[in-house]
Every structure is written in C-alpha cells, then in structure tokens.
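Each of the next two complexes has subunit A plus one other chain: subunit B in the first, subunit C in the second.
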Partner chain A sequence: MKTQRWFTPWLLLGPALVWLLVFNLWPAINTVVLAFTNAKPLGGGSFTGVANFERMLNDDQLVYALVNSIVYMLVCLPLLLFLPLLLAVLLEKKLPGITFFRTAFYTPVIASAVVVALIWTWLLEDRGLVNGLAQQLGFLTEPLPFLSGRWLLLFSAISLTVWKGLGYYMIIYLSALGNVSRQLHEAAAVDGAGPIRRFWSVTVPGVRTTMLLVSVLVTVSALRVFTELFVLTNGTGGPGGRTMSLVMLIQMYSRGFTGHLGYASALSLLLFVITVGPMLLLLRLNRKAA
Partner chain B sequence: MRTRLAGLALSSAVLTAVAGCGLSDADTSDDQVDITGEIKGTVTLQTWALKPKFTDYMQGVIDGFEEKYPGTTVKWLDQPGDGYPEKVLSQAASNELPDVTNLPPEFALPLAEQGLLLDVDQADDKLREEYVAGAVASYEYAGQTGVYGYPWYLNTDVNYWNTELLSQYGLDETKLPTTIEELVAQARIVKEESDGKVHLLSRMPSVEDLTQAGVDILSPDGKEFVFNTPEAVAVLDTYRDAFAEGLLPRNVLTDAYLGNMELFKKQQVAWTTGGGNSINTIKVDNPSLAEKIIASPAIGTPPLYTQGLSVAKGSDNLSTAVALARWVTSAENQAAFAEVVPGIFPSTVASAQDPQFSESDGTNAGDAKKIAFTSLAEAEALKPVIVDQAMTDFINQQFSLAISGEITSQEALDKAVEKCNELLNN
Partner chain C sequence: MTQLTTPPAGAPAKTPASAPKRRRRGSGFGTMRRREKLLRYALLLLALVVTVGPFVWQLSTSLKGAGENIYTLTPQFIPSDPTFDNYLRVTETIPVLSYAKNSLIVAAMAVAGNAVGATLAGFALAKLHFRGRTLFLALVLGTLVLPGEVTIISQYVTVRSLGLADTLVGVALPTAVAMLNVLLMRAAFMAIPDEMDEAAVIDGASAWQRLIHVGLPNVRGMLSVITIFAFIGAWDDFLWPLIVLTDPQNYTLTVGLQYLSGAFTSNPRVIAAGTMIAFIPIVIVFATLQRFFFRGVEEGAIKG
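Up next, the complex of A and B:
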C-alpha cells in the first residue's frame, strides 16, 4: 500500500522551514533594509542611502571596537585551537579518576557566562583576590588595573573566554582523537618518534578537520564576543568605551525606545562581512592543505 | 529558472520588508478627543512589576474604581520588570497599547511623538491644578504640545553619609559638604587620613551634574545640544583633578550608575546618593551599616524621578481610561501607595501637607524620607528625556576619558555634543 504523498517531505520540513524564514531569513533581510534607513523602533524612518556607512568612516568608537574584536579573535584563535587539543590528549589517557578531570574541565562550559564573568569581576577588581594575593605575596605594590586599563581589560576578557571555552573544545577534540589510529602512533613510536614528534606528525594531521571546525567556531564567537566584555566593564565598554567589541557597539546603538536601528543594522552588516571573511579564508586554506 | 525564482523571492521579501519596517510618517495629528462619554465598559490597565508585592494594594484600587463607576471592568496586566520597554514597544508597534499604561517620561516621549498617547492636558481641565507642576512638566516635551501622562509617584535623591567613617577619618558630621568644592576638599581629608583605603567621592559626573551646575543641555528650542560650555568644562575639570589626586577609586571609570551605592554598602566609601528609602534597602544588605547612616539634602538641585500613567489615544473607551488614570493617581490612592512603598511620594498638590511625608518619626530612615519629600519642592528632571541611551552612553564614555586625563574636558564635551547632535538629527 502506497501511503507516501508528494507533500510528505514538505510537511516534515515545514516547521523547520517556517522557523528559518521567520526567525532567520526575515530578520536578516530586514537588517539589510534597515541599514539604509534612519529607522527607530517606532515609526520606521526614511531611506538615507549609504549615509549610515559613511558615518562609519568617521566613527572613532567603531575603530576601537574593530581593533578589539580582531585582537580578541587573533589571541583566542591559537589559544583555543591548541590548548584544548593538548588537554584532550592528556585526558584521553585511561587513568584512574580521569573522569573527574574531564568533568572538572567541562564545568565552566555549563556555568552561566554572566555568573562566571561576575565571579571574574570580583577576582580581578582592585581589591579582588588576584590583586590582593599578588600584593600580599609582594609581587605588586599597587593593584593592576585589570578592569580599568584598556588592554588589561581586554586580555582579562580573553582569559575568561579561553578558560570558559577550554572544556567545550576539549570535548570536541576528545571525540576526534578516538578516530586517530593507534597503530599509526605505535608505528611512529617504533620508528623512534618521541611524544612531541608524534603529536605533530600523527595527532595533529589526524584531527585536522576538527581543528578547522574549531577554528571556524572560535573565529566566529570571538568576533561576536559580548557577554565577557559587557559584564567585566559593567556595560560601559571600559574607560571611554574603548574596550567595546563590535557587538557591544551594535547593542549600544540599538537598545531602548529610541534605538538607532539604521546605524545599528549597518554595523551588523559590517560584522557579518568581517565574520564571513575569515571563515572563507580558513575553508580555502583547508581545501589547499587537503 | 531556479535562480530567477530565488531572485524574485528575495526581491519580494525586500519589498515586503520595506513596507513592513514602517517607513512612513507617523500619525501625529492633533485631533480633538472627546472624553465626555459615559464611564463604563472594560479598560485595560498595565503596570510595571507590581505583582506580587503590591497585588493587594492595586487590586484594592481597581475594586474601588469598579465600585465607584458601576458597569466598569478593569483588566489589570502587570508586566515583569525585565524587558518592559520591549514589551511596550511591541504593543505600540502592533497598535495594541493598553488603555492605561505605566510609562516614565522617557518611555512616553517616543509614543507621544508617534501620536499614540492622549494629551491629557487637553482632555482634563484640572490636571495642572491637582498635580505638582514639576511632575506635570516631566510629560511635556520640546517640540510637542501637550502633556502625555498623569504623574503617578515621585522620587528624588538625598545624600547618605557613613558617620563612623566620617569621624574615623577626621570629618565632622555636623559640617557636611553642600557644594562639590567642599565635597572634594573633604574627600581629600578622607583620602589622606585613610591612606587611600577609603574614599568619600566615588562617582563620575554625568549630564545631571552639568544641569546642576547651571549648564543648559539643549538650546531653548530643544533642537540642538549646547552643553560644551566653559561652565561644563569647569565641572569636568573638578572631577579630573580629584581623580588625578586619587580622591576617587580607579574603577569608577567603568562603574555603572549604582557603583557608588555598592561601594557604600561595602563601607569602602563614606558618601553616596540614593532615594528616600535607601536606608531600609541598605538595612537588608548590611544591617550594621544602616544604623551609622545619616541623610542630608542633595548637593545642588535635587533630581526628580517621575512615574506616570499614560492613556492610549487609540483607546476604544477614552472616557473610562481617563477616569481610571485619574483614579489611580488621585491623592488618596497615591498616599495609600506611598504607605505601602516607603520612599515614594505622591505627585498631587493635595499631598503636600500630609504629615505622613512631611514629618520624621525620629529614625534616620524617617529623616531621610522627610528630607526627600521636602526636596521635591525644588526638584527638577535634570536630564532632558530626549537624551537617549546611546547618547547617555557616549557622553559617559567621553566624560570617563576626560576624568582619566586621556583627553581634555573641552575635547570630551565637544565630541559628546557633536555625537548627540548627530544622533538627534539622524
């Protein structure tokens, strides 16, 4: 008996398609349209051509936000590409109690980003644990401005991202390491390769596809960083707003009853372009390497 | 073919988006409204985070209204504290604004600009007679004719001092500073005596400080920001010099508004500002500190914080909606509300002599309440409502750069004025 109809696949796809259209495609198109207007949350606006994009050229804050987002990405990428891999290699060993360490390293991932960032704020403030300990032990005479110096603030946020991301990417690598042939390792060992040599010549090529995936994930999330910087700077973007990320800048212009949706949408388009760029580059590099 | 179809679909979507994003002029027509109809039928009242703490009070007010006007039914919607602006925005955008809505002046402004709110001045002859002038003025906007809300409850800031820290670090609680200059001078003593461990001053200047110093934020016609004056430079320079001297904690550069209150609760600073009920709030977090606090009037012009009820112009039952807004904001209902919520004050003229507010019970919290209530007579909205969130953020960022010494005060003010004008005229 034939029970399948031509529309069966569409029925099954329907909910997902509707979701995609309403919550992904429609907002994306609307963002493109709004970028060419001076729209506000109420009352729309009028078309302003490329005025919002011209405004970007004279926006000092945008320069700072772009530099911060790019530095964030450039520092996070290597750290979150290799540290979780090294951690996964260590935790892959079948030792007694290893499950405890795997769980411990994963715990920051399931903790709320806001809560974690608040804890870090308490640790890093002038009278916080880090400065207090360093002064007690005689390493510092004055507290370091972790939360009020532009670059220290940025690197504090990067440390938080790396600490929180370690466990997540470690789990991805752990599953990938399971597919790396043990025989290759053994053969390399027989040929006299030490642990470091085996890591570079066997492990890394074995998880290269996963490394690409991790690179893309890290790049995108680093360029779109928000929570860490927002919480560590109490939403102010640091002294003079010079530690804002691009997403924070978008948020600054878009929120509220009189949000400047046109300019915020133009900034969103810029973020989209600079996020897609590195992703395409990474994919191209991988294809070449393959 | 597939490409053409995709192109067609995309073009349609873009066109629909253009139509949908509301790129048309708003209805700001100034039609006469008739509110003389019979008071009956169903109206919706929207409040902001009053449940469950004040459910009994509000339900009592609503029951009283339905009793006074038989044949009326009030549907009460209470929205959670978080996401209220977004909720009101979505209601306004979909033309589903409740008949009566709790809107502070800055929320009411964009709705009034879109012609969504009733001009209650036009609709109600007794408005200016029954409500205090400053509160009514909060709902009047430059470039708009009318008043777009009934003032509900008011608040202001007073100074709070930690007497233990004051005496410990060489200050006299009977000679509290009354000007910024005196405050800075006393902050210097605290810093020196405590070896920098405790501060007196712990907040950044803001737009409100400029207003207090007599600086005009906007031009008289409200169309241009003009606060980059020598007087404003002097205000920033005072803070800049104080910061350079170490009279403010370094983290003040990135602190959010309540930063000084938090430091005060931790007893890291000896002065903060807060509403008339702050001692009771502090008592919850730090009971031993609450006993050591004394209050004094705000330095300069006290700020006025207003909450109000606006009536939707598109309401199907305007007469009843206006009657409900008047009922909720009446002197007796406001006085009862202020009893339930210590620290807020009625906006009605009739409440001015109410001993519940004008007399202290002798406690430090009672003194603070009395000072706050007395201050309301001269309190003003110090930040024009047209200064939106993006402008405020930018101004604070520029002030932060000036205070830290990265740019001059004049440069910071010039940049802030330029950006605010750009955002205003966009």
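Up next, the complex of A and C:
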C-alpha cells in the first residue's frame, strides 16, 4: 500500500517549511538577538548588552504608551463584550432581509483601518458631522476638539476600534447563539420572563464560553493597536507623543536616521511578554472549540 | 416578550392585546407579533445607520463640488451638484492609480502564495504519513502565539538582508504562506473521509493524483475562504508596508492615502475621494464573495 516515496511529503511541505523557518521561527529568534544590539534601520549594529532594557526603564513615552494600552483595554472590553452580542441577538431571527443587514454590519470589518481612520478624522473634526449634529441637537454649545489633546484623541481612537470591531465579534456571537437552547428560552417565556430578563438569564449564560473568547480577543487586539492612533494623530502620536501605543513606538524606532532597531526589538519583547498569556489562552479556547 | 414591545406611555395602543395573543397561542413560540417585528426592524435600521452611515457620508463628501459647503450644521447627505472632480484631483495630487496597482500586485502575490503553499502543506499534513509531521505541526501551532507585531522588526531585517527592502515583493513575502492558513487547509483535508481516499490508494494513485482528484474538489470552500482572507488582509494592511516601503513611488494604497492626508492636502473632498478608491474595490470583492466568507467564519476561520 505504500505507494508514496519518502520525499513526497517534504516536496509538498516545501514552501510552508521554508516560510515556517525563514519568516516565523527565525524572526522570533532574531528579535531576541536584536534586542541586545544597537542595530540601525540602515544596517550595522553591535552587541550592547542590556542597554536597551535599561533604556526602557527610563522611557517616559513607554509609560504613556502602557497607560494608554490599559485604558484602551478597559474601555474596549465591556463595549465589545456586549454591543456585538446585542447585534447578534437582533440578527438571530430569520426575518426577510436579514442577510443584507448582516453583510452591512460587517462592512466596517473588511474596510482598511486607514480608510476608517480617515473617515473618522473627517467625522470628528471641529466642523465635522459629529460636532455639527451634537450642536444641532443641543448636546454641545461649541465643538469638542476630538482630535487634539491626549485623552480625547485616545477616546476617539477607541470609538473607532469599537465601531470597527462590532461586526467581527457579532459574527462570532452569531454562531454561538445557534447553540443556545431554544427550550430554555421557551420555558423562560412561559414563566413570564421578558426579553431583557431572558437576555441576562438565558442568552448570556448560554454564550459564556464565547464571551471568554471575545474578551481575550479584545484584550489582545487592544494591546496591538496601531493604525487607529497613527492615522488619527497623523503619525505624530498626539501632543508630545503621549497618545502612542506600544506598537506605534516600535514603528517609530523602525525608520530613518534616528531609528533604533535594537530598542524596537526590546520593545517587541515587552509586547510579547504582555500578550503571551492571552495568546496561549486563545489557542486553548480555539482548540477546545474545534 | 412584553417589556420591549410595550409602546411608550401615551402612544396609541389600539391594535394590541387580544388578537396577537390568540395568534401566539395558536402557532406557538417563534412566530413574532407584528409589533416585535417592527421594533426589530427599527433597531436593525438604527444599527445600519451607525455602521454604514459614516461610509455614506464619506461617499457623499467625495461627490460634492468645490462650490458646495461641506461644513453646514445641517448635514446634506445628497450632494446638490454631484461631481467626479475630486476623483480627478486626487489622481493629480498623488499617483493613486499606481498605488492601487501596487496594492493589487501585493494582494495577488499573497493570494497565489497562500493558495498554493497552504494547500500543498495542508494536504501533506492531513493525508500523508511521514516522520517529522508532529514536530512540524507543533512548530506551526507555536508560531500562532506570536502576534505579528512582535516579530515585525526582525522581519524587516530579514527582508532587508534579502535585498528586498522598499520592494513590493518584500511587502508580500513574509505572509505569502501564512501558518494559520496551513492549519485551516489541513483541517479541510482532514474532513474528507479516509474511505474516499483509500479507493484511490488501492488503485495505485500517487499522492499528487490523490490531491488533484480526491482532495481539491472537496476543499474548494476553505480554499476560497483563505484566498479571500489573504486578499483583504494584503489590501488593507498598513503597518508592514509602512515599515518596508520608503520610496513614495512604491507605496501601496493605504500608505499612500495616509501620505496624501498628511502631506498634500487638507481638503476633505479630495481625501474622501481617495478613501473611496481604496474602499470600493474591497466592498465589491466582499459583496460578491460574502457567501463563502460567512461560511468560512462559521467553520472557524477566525483570525486572532
């Protein structure tokens, strides 16, 4: 029965093997190596011991970035845990035209973050749609400068992330809702539980595992945020570079004459240390689901 | 069902009570009352305004002429005098069409690489027995723990040492065979029952023939999913091309758009036209292939 020659699997595996070694395993090892050097974007560099890690301890911008990440995570988590679930509940009933709504709600997910951030810039500027509408409706008496100031910029970026993530997590919830027992819903309804009551005592417990998955996904993506902040601050990182994220710092050190790949790699290691816990949990959750 | 469907105090509540209640008892749970249906559609429309409204506003801005005030306090969604001028202006300001071409080249390489590389490897890992398979799988799984941003700097060093810095090949190369796609294709091949394969083996078919005649026809769904993901991922990507590319001639659309708004113009109409040029192709791809897309997501093709 053995018709296959020994090298056949390796021929088929060839391209993937090359990519695994050259573009996955080697960069992981090399990040560690680079973190102990003063490599520059244009080449060169020598071993500098733990200098980059010492520098991290005295980097004010890094502190800002880490605080921003924590705020990002804390605000995104509750919003992206529940809003997409509500959307999914809304899409669950097979009403006419529901496929259209599902596709439409997903559109922000497939758009590039750059496109979305440029749209947001236009929406949120002093004379933009949001300020205009808010003033028309009497919520504001004068425009709110969404795109200047550390915290307003950060919250604008968060609103963008939440908006863009709605459809993504909605789809995850939608497939989980299919498994929530219909009998339980019916029983609760017979017992006189209203829709809000049933949402909390039937739907939410029914998608508990998915909520865990979603919160891990949200945590990881909040720690990896880049494009939203980069485009909204026009690459500057906001006033005094205080509205940066860790990944924005990494990118900043990756370019030009002032770049420092060694320090950027040390920051990358820090990012790894922060994300590895959630990522391992994610892998576990995904394997359990599969 | 009561709480949400009760009309607000003061609203006329003439139709309700008896008739729908009887209907509900008649056809059981699951048939919706008219008021619940209306409420659901109202909420769906509200969500539609929130999710799609900003795109419509951007499209509308891109079609407004220089003579129309785009800052009015009462927003005008329909341009009074629609014009394509801004699309012309954006092509005069930056080489947006050549940026689109660059994005397309990168996306095409990503699609081809992933379709071929992940299919071949997925088949080998699912259907062939050989030493080292477990080790290979463990390593692939291990790479999934690394967010792409962690290795982006050393990835750049690799691409630079291959002499591919500031090239489109350099942009496409690192994700041309994504490990996640290898795993997804392996899962698709594993779903094919062994009995189907065994007949081919007994007939003396080679691994290659089994892949072409038994494997491929059964994994078309997943194959389309990973190619759609690869296309959208490459087209939308920003951080990696931003790091690799330095010459503005080589920019992809996303990098070029950021460059446009940062350095060349603060005219919202022109920027809006630029964003639409990047947005509309991806919407067309998505709208035509969304059937596969959602099926893929349901099958677990979720990128972390």
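The definition used in the following text is that the second predicted complex is superposed on the first by the 241 of 290 C-alpha atoms of A that agree within 3 Å, B and C clash if a C-alpha of one lies under 4 Å from a C-alpha of the other, contacts with A are read in each partner's own complex, and residues count from 1 in each chain.
In this text, a residue touches a chain if its C-beta (ideal position, glycine included) is under 8 Å from a C-beta of that chain, and two chains touch if they have at least 3 such contacts.
Keep in mind that this is a model prediction, so the values were computed, not measured.
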| item | value |
| --- | --- |
| Larger contact residue set on subunit A - subunit B or subunit C | C |
| Touching partner for A:Ser268 - first (subunit B), second (subunit C), both, neither | second |
| Contacts of A:Ala39 with subunit B and subunit C, given as first, second, both or neither | both |
| First, second, both or neither for A:Thr210, with subunit B first and subunit C second | neither |
| First (subunit B), second (subunit C), both or neither touched by A:Ser156 | neither |
| Partner chain(s) touched by A:Gly235 [first = subunit B, second = subunit C, both, neither] | both |
| First (subunit B), second (subunit C), both or neither touched by A:Asn30 | both |
| Partner chain in contact with A:Arg255 - subunit B first, subunit C second, else both or neither | both |
| Contacts of A:Arg127 with subunit B and subunit C, given as first, second, both or neither | both |
| Contact residues of subunit A, present in both the subunit B and the subunit C interface | 25-26, 30, 33-34, 39, 41, 43, 125, 127, 234-235, 255 |
| Sites on subunit A touched by subunit B in the complex | 25-26, 29-30, 32-34, 37-47, 55, 61, 125-127, 145, 147-148, 153, 233-242, 252-253, 255-260, 262-263 |
| Touching residues on subunit A, where the partner in the complex is subunit C | 1, 3-4, 6, 8-10, 12-20, 22-28, 30-31, 33-34, 39, 41, 43, 87, 90-91, 93, 95, 101-108, 110-116, 118-123, 125, 127, 129, 132-133, 135-136, 163, 166-167, 171-172, 175, 185-186, 189, 194-197, 217, 220, 224, 226-227, 230-231, 234-235, 247, 250-251, 254-255, 261, 264-265, 268-269, 271-272, 275-276, 279-280, 282-283, 286, 289-290 |
| Subunit B to subunit A touching residues, read off their complex | 10, 13-14, 17-18, 20-26, 85, 88-89, 92-93, 106-107, 109-111, 113-114, 116, 249-251, 253-256, 259, 268, 388-390, 393-394, 396-398, 400-401, 404, 406, 422-423, 426 |
| Residue numbers on subunit C that touch subunit A, as the complex places them | 1-4, 29, 32, 37, 40-41, 43-44, 47-48, 50-52, 54-55, 57-58, 61, 71-75, 113, 116-118, 120-121, 123-125, 128, 130, 133, 136, 139-141, 143-147, 149-158, 160, 173-177, 179, 182, 187, 201-202, 204-208, 211, 232, 235-239, 242-243, 246, 253-254, 257-258, 261-262, 268, 271-272, 274-275, 278-279, 282-283, 286-287, 290, 294, 297-298, 300, 302, 304 |
